[in-house]
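Next come two complexes built around chain A: one with chain B, the other with chain C.
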Partner chain A sequence: MSASVRTNQWLSVVGWRGLFRDRPIIPLIGLLGVLIVAIELADPGIVGPEWAGVIVRASVPLAILGGCQTLAMLTGGIDLSVAAVASMSGFVTATLLHSPGGVAQGIIVVLVVAAVAGLLNGIGIGVFRVHPLIMTLGMSFVVLGLANVWQLQNVQTGAGVPDSLRWIGSTTFADVVPYNLLVFIPLTALILVGLRRTGYGRLLYAIGDNPVAARLSGTRAWQVLIVLYVISAVMAAIAGLLISGLTNTASVSLVDASLLPSVAAAVIGGTSILGGRGGFGGTIVGALILTVLTALLTVLGLPEPSRQVLFGAIIVVVAAAYTRVTAET
Partner chain B sequence: MSAAAVTTERSLSDVLVSPIRRNTWVLALLGLLAVLLVFTKLIQPSYGLAGVQGLGISILPLAFAAVAQAVVVIAGGVDLSIGSVMALTSVIAASLMEGQSDAFGVAVVVGVLLLGVVIGTTNGALVVITRVPDIVVTLAMSFVWAGCALLVRSAPGGAASPWLLNLVIGPFGNPWIPKAAIVLVVIVAIIWIPVARGRFGLSLYAVGSNQLAAFRSGVSIGRTKVLAYALTGLFATLAGLSLTASTSIGTPVPGPYTLESVAAVVLGGVSLAGGRGGVFGPIVAVVVLQIIQNDMTFLNVDPNYALVAQGVILIGVLVFGSVIEIRRARR
Partner chain C sequence: MLGTPVFAGVPSVSATGMVLMSPTTTGLLLEATGVSKTYGAVVALKSASLAVQPGEVHALMGANGAGKSTLVKILTGAIRPESGRIAVHGRERTVHSPAEARRSGLVSVYQEPSVIPDLDIRANLRLTETPLEPFRQWVHDLGLKNLDLSRLARRLPLASLRIIDLARALAIEPDVLMLDEMTAALPANLTERVLEVIGLQRGGERSVVFISHRMIEIAAVCDRATVLREGETVGVVDVTAGTEERIVELMLGSIVEGLPERAGETSTPAAGTAAPRLTVRGIAVGQKLRDASFELRSGEVLGVVALEGQGQDELFDVLSGSERPSGGELLVDGKPASFGHPADAIRAGVVYVASDRAEALLMQRSVRENIALPFITRIRRWGPIDLPAERRTVDAAVKRLQIDVRAGNEVRRLSGGNQQKVTIARWVAGGVHVLLCFDPTRGIDILTKQQIYVLLRDLAEAGAGVLLYTSELKEVQLVCDRAVVIFGGRIVKELVGAEADEAQLLRAAYHLRSGAVMPEEAAGAAVESATGDIREAGAPKDEAEIQA
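Up next is the complex of A and B:
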């Protein structure tokens, strides 16, 4: 527990630990490789281009949701409203299928609704300094409740996942490359460049690393936080559209099961929940690791309960190993 | 803990005012509760015995869950596995008690409570040993405990011993007092009051409010945290058992209790930053939330709006609280 002991340990191995600390993605890719080898051993011949396509297709929405958590966690926050916003987005788009504007109108509507939810989150957290956990939790109740109300009012009109969403969410080019990468790659480029090269990205790190120093150097944290939670909610809505296309279902609780994995993806990816450290690259690998892990546990023929137990245990072990290697808490 | 205990001379006004000032939040909640009860009686003149009895039994699981969450939040942590622990202990109890004698049922309850302490200790030990943030460890453990619950029983079932049902259902003496309320108050008082008054309680608040300061004044942070999680495990198990008692079966799928317990704790005046608050506030908050939900049913509001209302109240109360806090800081 003593801080001085920890510092000494850290200094003595600063070389390789420093490498892992600065480039957390290297051990993570190693872990991903080990899992892929394990799955190939468990079921020889399963790993191939098509399998990779399936894994990537399933990882993309999780990586986007993990991205929401990553951005929020960089500032020391968390966004528990992503699942409700994502489910709402897929569901409302499906109910607006037969509206005059069609799918495009539906998508615009849900992106605007998501942005409003994010704006309120940001105002609560940035201006009124409500704890992010509670603010986004409350928002998730509000969004889920309103989505339920909307559902009851639309029972007669019927709903269906639009063909275009199914296409982008679930089909693949030449049976290998999933089309959802068309959304994911530009989004990723935007986030990576945004975090590394723009002033706004540095402000996110600054607020999370040392809020007092950030304030003293003239950062208006509330503005940064409002923009952050709007971005997070819009990304969640996009992920929700892809998930409803992938699963061909529109339900107000569709994405609920992905809430905790989205946090796990960011954490495994090396983003510190305490703020100031991490990045989106690690989260993408984290999402891939979680997807491959789920696939591995399925291939091993384990029943669902055992899979859940192992899934949780492995997250603890990876997070613990990660904390040890990078000597950060 | 209390500044008053340090000074030897206390004026009368200090004795009267300081408990009020310290418990403003809880007193305000009690006021809100009173207003809500009057409001309920106005919109539903027939609200009476049945309503109060129903209220008693329906708040029991969440009230225990809120107490469980409060303990660990005071120590500066958070436990996202409470819902899963409730599901696990509830199915184990229901499965073992089915068709067994009362004596065996008592043994089951004792055994399950011990198991709850073990589960909590495991959570706490993992948090301390791995140095991974609480939220991540307990999040991952929520998968583990929920998986274990499904391993015990894949579908809802089992049964609760009749004495367990009798313990919480029905009135106690006066027809207005639900047994469930007595059970809640007595159990929480027996466990919490000695804890809060003793050395451990002091270190609990110390670790929660400033870990470094606590460490430097000789508090063992690791031990305090593990004990806090053990206590949380115990209360989460009581929540699980009351779930079994109120539904008379065990359900392996976790309910919404984890996040609702966090909400109740914060509404109840416990700071998520740790070191502040008690277990009484969260219990009142649970009652308030339940009455609001009941009122919306009486008013024929779409039950889904109840969820919206819960979110709005949660956010609204906290915004209100922090506005006051910010104003006070400016003065």
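Up next is the complex of A and C:
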């Protein structure tokens, strides 16, 4: 009898942990709620529909970049070139504003360039077995360097962020719903369904969970990885266009500061950096959490250095707590 | 030493009539009694004992999984026993760490080299406080000339590292030196030197405990042998000419009663003429696998039997597409095949069930995803999954293998037996042509084993060819139509399944002729084929045996 009682106690602990492990989104949404309450307490009256619109608008590009990390991390990799690719994308589109094909041509050019960068990442990682950290870090310098070369050769007047990008990146419907959701919602649907319901999505998890098993079952990992890093780079370019439109800025280092938050969004969202575990839903909430956290620290009126320290510390604590709670006992 | 083998139960009387059990009076160098160790439900050692006299070379014998390595690890403090007593020089010791064991005079050389690859040899020696001059002397005596101590360990060949390990152990002058499969990775000339050096240890104050799968080496250097079976010491034997048979008998024990029913009918003689599913001709992988040739026919289960490290791993790696052979030819249904990746083998219908489930399963994914994994690996299957169709296929496989999927959300929560069934279900779901099973029943319960036997027979019945490597010799008679035995990288014997009892198989696996003492000449050939660079010497004889 006592044994069965003990079993029940255990079950409740396991159930609680199981909630974190199997449905990581629920506790994350709870954390998000706590932060929103905190910000309302710090500055009563701030939280409202318009405020929510601003938060969502700022979170969308970060969530997309976090999506790049999520997909890469599912396979046990990481993509550190997303910031450079995103910056390049916004910058080059701006310089091509007055080209014959206009904005459309600019966007097509940057998506192709991003895809090539991703292809090279994928070949390096999948075929030549370079560690993803090294490969994508190297690629970020290559992309930055090429963007600088482009900048030097295309000194021109009249270049600027296209109106269409400004519209989709920064304006909102009825002052509440940001238009960048027009890009984000279809993309999210594609990723969520892709991860759950397609063979390709399953292989991302398989490679991250156990590369040997995946190989023994006939998976050629290099094919999966090449496609993965192309997708990641193209998503990064899309995020870059939105950020450029949001900030009305075109610079070769515009997105640099978002690189580590993109990793943090994925990790806070419950994606394991070791691979095989996680998903995009958590990353979206992770991006929202980071954005609200930034807003909270701003509202508190702390000086910039203290804000950075707190921001970093909170990310580490959340990630560590999360790992502890979800770890197998 | 007396010439006749003496069976010694536990407690026992040694050949010289001394009672082994009273430590203070016998002058035994090392004595272990009643040592046991379990890993979860797996009993590695039940009740092992070992008594080593000063000045002897003592063999520790036993079939795969009998517990030899576990006993050595306990004696040298690498793992802790659950119970048992260890006495050195008649004084009881508790050995909690390798360092402590070393202070007690117990040192072992394991199967794998124990050097740090990114340090040079001198730094490695310093780590273990090995005196340099004796080390140099031993290296020289062991036949490793011109060893440059400033070379990185990783740049040295495996054989040199084994010699360095041995010299390092000898240099600190241990009372008892334990060698676990020391000679497995050595070429013939170095093996000879090692055996010579070990032989020189005889008669002095010190002793050697020697583990080897090569009966000929045991016969060459050992005075006595302790035989383990299923974690128990079943006898102590004086090693003289002709004791090989006795040792094999002890390793086998009395034939186990209550064997499970033979799983289904073996093929009729007509199956002997059935179309070959898989034809293997002269497949070789470096020095490990020298010449494997056999046919796997439709409708049969072909057993593969070998001691550890005789080339069976390489054979299965080649057949499953994980490794390219260095020579030979492979035909699937009579058509030449060349596998550069497991995907190639799977496409040709050759699928592989590994014994290590951690290698084959996505532990964090569901049963369903694990079983369906092979369906989605090809690029044209990367798109949307037809979930209802997948569910039907997976459910059918789950039902056929009677997998308990109550904890099916994550495969790691399943029992070992259920996990193994999932790895098989993966291939059964897609239809089996040629099934390669590498020790599929290792560490799983008897009921699941029985189910797997029946399944393998059913698959063969349905026209598949099944290649089954097993470390449980009983399985051969239960499941296999035929069996081949690999020794030293060659197939040395082929037997009919029904006749392949454990005794026959074990003799063949140790490369002994049944019922006869190994003749000098054959013994020499065995050492060559097991160790040497000489390729031709053993070959004609082996082939003649296969014909027979």
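Heads up, the rule we're going with is that the second predicted complex is superposed on the first by the 313 of 329 C-alpha atoms of A that agree within 3 Å, B and C clash if a C-alpha of one lies under 4 Å from a C-alpha of the other, contacts with A are read in each partner's own complex, and residues count from 1 in each chain.
Basically, a contact is a pair of C-beta atoms (placed from the backbone, for glycine too) under 8 Å apart; a residue touches a chain by one contact, two chains touch by 3 or more.
Remember, it's a predicted structure, so these values are computed and weren't measured experimentally.
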Which of chain B and chain C A:D209 touches, first, second, both or neither: second
Touched partner set for A:R197, first chain B, second chain C, both or neither: second
Which superposed partner A:V110 touches (first chain B, second chain C, both, neither): neither
Of chain B and chain C, the chain that contacts the larger number of chain A residues: B
Touched partner set for A:S217, first chain B, second chain C, both or neither: second
Partner chain in contact with A:L133 - chain B first, chain C second, else both or neither: first
Partner chain in contact with A:G276 - chain B first, chain C second, else both or neither: second
Touched partner set for A:A63, first chain B, second chain C, both or neither: neither
Overlap of chain C and chain B interfaces on chain A (superposed complexes): none
Complex interface listing, chain A residues touching chain C: 22, 197-200, 202-203, 205-206, 209-210, 212-220, 223, 276-277
Chain C to chain A touching residues, read off their complex: 320, 322, 341-343, 346-347, 352, 354, 358-365, 369, 372-379, 381-385, 387, 409, 426
Complex interface listing, chain B residues touching chain A: 78, 80, 126, 129-133, 135-137, 139-151, 154, 215, 221-222, 259, 262-263, 266, 272-273, 302, 304-312, 314-315, 318-319, 322-323, 325-326
List of chain A residues in touch with chain B within their complex: 1, 78, 80, 120, 124, 128-131, 133-135, 137-146, 148-149, 152, 260, 263-264, 267, 272-274, 304-313, 315-316, 319-320, 323-324, 329
